[in-house]
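Next up: some structures, all given as structure tokens.
The following pair of complexes shares a single chain, chain A, combined with chain B in the former and chain C in the latter.
And then the complex of A and B:
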């Protein structure tokens, strides 16, 4: 028997999380409404009911890259020796605490592998992101709930993709089988009390085999980088894939790999904060220049940018890595059902005759 | 039934085509439960049009925002398919002179109601719905757990269960026969009345709980056919700057109150703001509350009569209602 593998019976899940959350900040997927619909990651509190059998509406992106975060605080104070002058005092945000994201999915974790390229892999390191990322562990669950919007296998991931995870959870009939994937996982494993039996491990193996057989999505992404550039100026193409776009922020806000942000100084009287907040390239104001000119004046240029960023510019810059984890959230939540798979799939092919 | 209406729609669209430069309708989306708007510019594409209880989007949203300023080539018109509720949005745009009647060819769809996907998901409990069949008054929902049956009424959108105007109030042609409304004005505001029965504290707690989830993605605003100043919205302007970028409740309340107040006496209750919200916040209730007041005080409902001037667009020194 492999003693490194642990087991959490369904009715022991909360007590296991109670123990872990004494040591770490733990984030878990919970429903915000009574139905299992609006599911978000939230800080664990004893007694919470986790929703582990549905994809979350919002992924755990906000745990490491919050929708709003202070980069620093500032205070204007009168200078003691020269009362007519004001001095600015700066204060750093609090250092992050060790955190465990429990019950993420492979696509959620893949999202962070994309964000890492931008924020922490260098050459320019975002200290705040990097510190939080460093402190964050992922307990990821093998996924058996793909729906008609998912396409993770098409973008180099899949329901059993362990890349980037620290602990691996497999749901079986009686509970969860938990394996350590990284050294960082060992303390958490030690807080789990029950070792998995051979039967548990065998059952988990079956679940994983079944999940590994699933080919989720059939989007072909090879050469999409070039195909995108060829399509760039084909207005009719973009009209066809996104003419109905409403220019809202849903697709970008629910996306695990969208990371554009805005920076503002929010102040009251003499003190305030410089904050970073999620922005959306689908907003008109995103590219609005001070002169009043807007290089992406309509929804078509904006949607084209979203596709181009993920499937062409990003892979060009970061060794072919596609900036999409195939989670399908943008498709599922789009009010007018715009399908990014269709936008990418048809990049290849005849340009439309210009009319 | 649906396939008959679909061929009737195709036939009527074909007949109208010589006068049209563009036709806005619904087409099949990425699976059987989703439709997506289609802009038809070639008569060969008319066959893409569909009409069924999944045709959820209010296509009037494109009318003022995308096409109001366009002038027709050779006097050709823009065709648009509207359900009962969608037709009211068009009328409201006409009442406010935001669009010109003669630019549009309106295909009216008498409507039995649109299915609420969230209700289906809640009822099925499964992560994936495999198929749904709607026949007459029954819905059969298939998931990995098996087939479940529900009365159609139970899975309709909230707006449809309180619908008073299933028949388009303005149209150049109708597809199908007019239907009997489900409710009257008396029952239509039951959901608002239920909120009003809560104590002020309970009401505050209710809205705090709901709006706390708001992402400020502004989909509720952008999906609204009557929110026509979207790129100049107070929620995003920097100069003057009305709202901070914080995600605190006051920012969210402020956005929603301005959004709702700008729709007072204008909202036609198409329910799009509420449908599109990824966080399932019942934001239409705020506008319904204003509409209830407008109805009680001023005897006015937006989007019914193209000739009537909305109360907030006029000034009457002799007003006695308020």
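And then the complex of A and C:
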């Protein structure tokens, strides 16, 4: 077992990842090919240029909960007993491969801690998610690049929150200092060749201290659960908060804690899959029933549900856990500048949303 | 249900299809795996996800009672893509079934009480499950009254067993929206017939299912008759996908209709956010 603290010099990053990716599937943050400003996680390939000095546009949610995946496959085959009939055979998806997410931020990992409740806490367990989660390691980087949309400290996380991570990466002037946080990290540590020196460790300590001093965001979430319910029927409030919403769904798409999905069948010839794909509670059709009835027919009800789900319904269901990681992606990406912090901050009292 | 993959259905084959009305068919299905059929247990009011592979899945109440185990029955109204395809199926065809899902009726709390079923259209489907369950344990329950309405006499389901219900001492009150040639029963909307019958709320439970507009006025009528919120039970519908409390679609506030419902008392509904 190799528990020493390791060091990866900047010019050794790719060769280190080359070695790790011989053993594991590795996902890393890179610039999107056609949209250089869009940073997202992709499977590592030798020679890739990682973007580690910036929060990704899209978090690593898709690594554990892919945007589209088969829940099972089905085949129509001729029946041996009755040759005139086709019988269906079902097949579960393949078991997942061991995977490392390299370079995520504490907010990204916090997102998975929220998803874990939904998929793994029961009463029913999503074995497909649970198996992939079980096989996924997180090499998380201390966060030193917050912007005005970040508010992780307000929702129980922070730039140095190690909860849920397996390895901890601290960038220093010469490279990256890597510590093991869980037993599962030890094989990966063993594949890193260079031990950190005392100077490296001291420099990393300084970076940690500096990051830990940051109080990111000042959103007060005490009793937001009750305050939301008191505001529920205040149509004027929700009109002010979400009147300009376009129902575009980008907030849910980029959100590390949004997980709502649809289930549909895809079939070609005699072979098909029942697939799960990301959906959005912001869409009109999300709750539209075959009868034409829609319990959340307008954008106000849908935005209210999103705020309620994260700051009231979820904590009610899961021991006070807020379903928000404070990453700020919904704020940064909203085309009409809706700020969920404003919607939550003003729930209390009789104030208007924009005061 | 498959413990490792709650989305994977059990295969079942259709034993019989009954044409109930012009747009409602009843499917009687059995699991292909005999051990699944043998070990299957559920509560009246629990639901299933019924699927046609390659088309999709929809939610239906298990329409036969747990006391009659030779097949599982589903009444399906043709409204959308999946139900359109289900209506084309015949005996011997295969379907997928994920069940049982949801909470079911709290029948233990109804024992020793008089029962009032109020159903409209396809809303009779979940009521029929509980009604037959009670008829199979008739001595556990007091008077049973059924008020069942539909647009026309041709839109009433389960007509072939009305005789049996009545023989089991069920006070069956049938109504249709308008006069119809040959129709000798009541004429008028369900809420109107309810107020004409004015059943006493004393020691009685009312179980209501039907179109939203009917439910709305029936709840109003029951209140007028003196029924307390805790004496009124209804079953809700929501668009569902996973059926196991994960995919997020069917929530009303913090409750999921697929696991916390579909059966709720009016008392419970009054404590939830108003988003019906």
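Here, the second predicted complex is superposed on the first by the 342 of 355 C-alpha atoms of A that agree within 3 Å, B and C clash if a C-alpha of one lies under 4 Å from a C-alpha of the other, contacts with A are read in each partner's own complex, and residues count from 1 in each chain.
FYI, contacts are C-beta pairs under 8 Å (C-beta built on N, C-alpha and C of every residue); 3 or more make two chains touch, one makes a residue touch a chain.
Since we're looking at a predicted model, the values are computed, not measured.
Visitor: Superposed on chain A, are chain B and chain C clashing or fitting side by side?
Guide: Chain B/chain C on chain A - fit side by side.
Visitor: After lining up the shared chain so the two structures overlap, which partner does A:313 touch, if you call chain B first and chain C second: first, second, both or neither?
Guide: In the superposition, A:313 contacts chain C only.
Visitor: Tell me the contact category for A:293 with respect to chain B and chain C: first, second, both or neither.
Guide: A:293: touches chain C, not chain B.
Visitor: Tell me which partner A:333 touches in the superposition: chain B (first), chain C (second), both or neither.
Guide: first
Visitor: Mind computing the angle chain B to chain A to chain C from the CA centres, in steps of 10 degrees?
Guide: 90
Visitor: So, A:76: does it touch chain B (first), chain C (second), both, or neither?
Guide: In the superposed model, A:76 contacts chain C only, not chain B.
Visitor: In the overlaid three-chain picture, which partner chain does A:126 touch, first (chain B) or second (chain C), both, or neither?
Guide: So A:126 only meets chain C here.
Visitor: Regarding the shared-chain residue A:262, is it in contact with chain B (first), chain C (second), both, or neither?
Guide: Both partners.
Visitor: Output check: A:191 vs chain B and chain C. Expected answer is one of first, second, both, neither. What do you get?
Guide: A:191 sits against neither chain B nor chain C.
Visitor: Which partner does A:118 reach: the first (chain B), the second (chain C), both, or neither?
Guide: A:118: touches chain C, not chain B.
Visitor: Upon superposition of the two complexes, what minimum C-alpha distance (Å) separates chain B from chain C?
Guide: 6
Visitor: Per the definitions at the top, what is the overlap between the chain A residues touching chain B and those touching chain C?
Guide: 262, 264
Visitor: In their shared complex, at which residues does chain C touch chain A?
Guide: 1, 3-9, 11, 51, 53-58, 79-80, 83, 92, 94, 96, 212, 237-239, 241-242, 244-249, 251-254, 259, 273-276
Visitor: Please give the residue numbers of chain B that touch chain A in the complex, ascending.
Guide: Per the stated touch rule, the residues are 29-31, 34-39, 57, 61-62, 118, 121-122, 125, 127-128, 213, 215-219, 221-223, 230-231, 236, 238, 244-247, 272, 275-276, 278-280.
Visitor: Under the definition above, what is the set of chain A residues touching chain C in their complex?
Guide: Within the complex, chain A contacts chain C at residues 71-72, 74, 76, 82, 85, 87-88, 90, 92, 118-119, 123-128, 229, 232-233, 259-265, 267, 272, 274, 276, 279, 281, 286-291, 293, 295-296, 301, 305, 308-309, 312-314, 316-317.
Visitor: For the complex, give me every residue of chain A touching chain B.
Guide: Answer in residue numbers: 32-33, 35-38, 40, 53-55, 57-58, 67-68, 145-149, 239, 243-244, 246-250, 253-254, 262, 264, 266, 275, 277, 280, 283-285, 331, 333, 335-339, 341-342.
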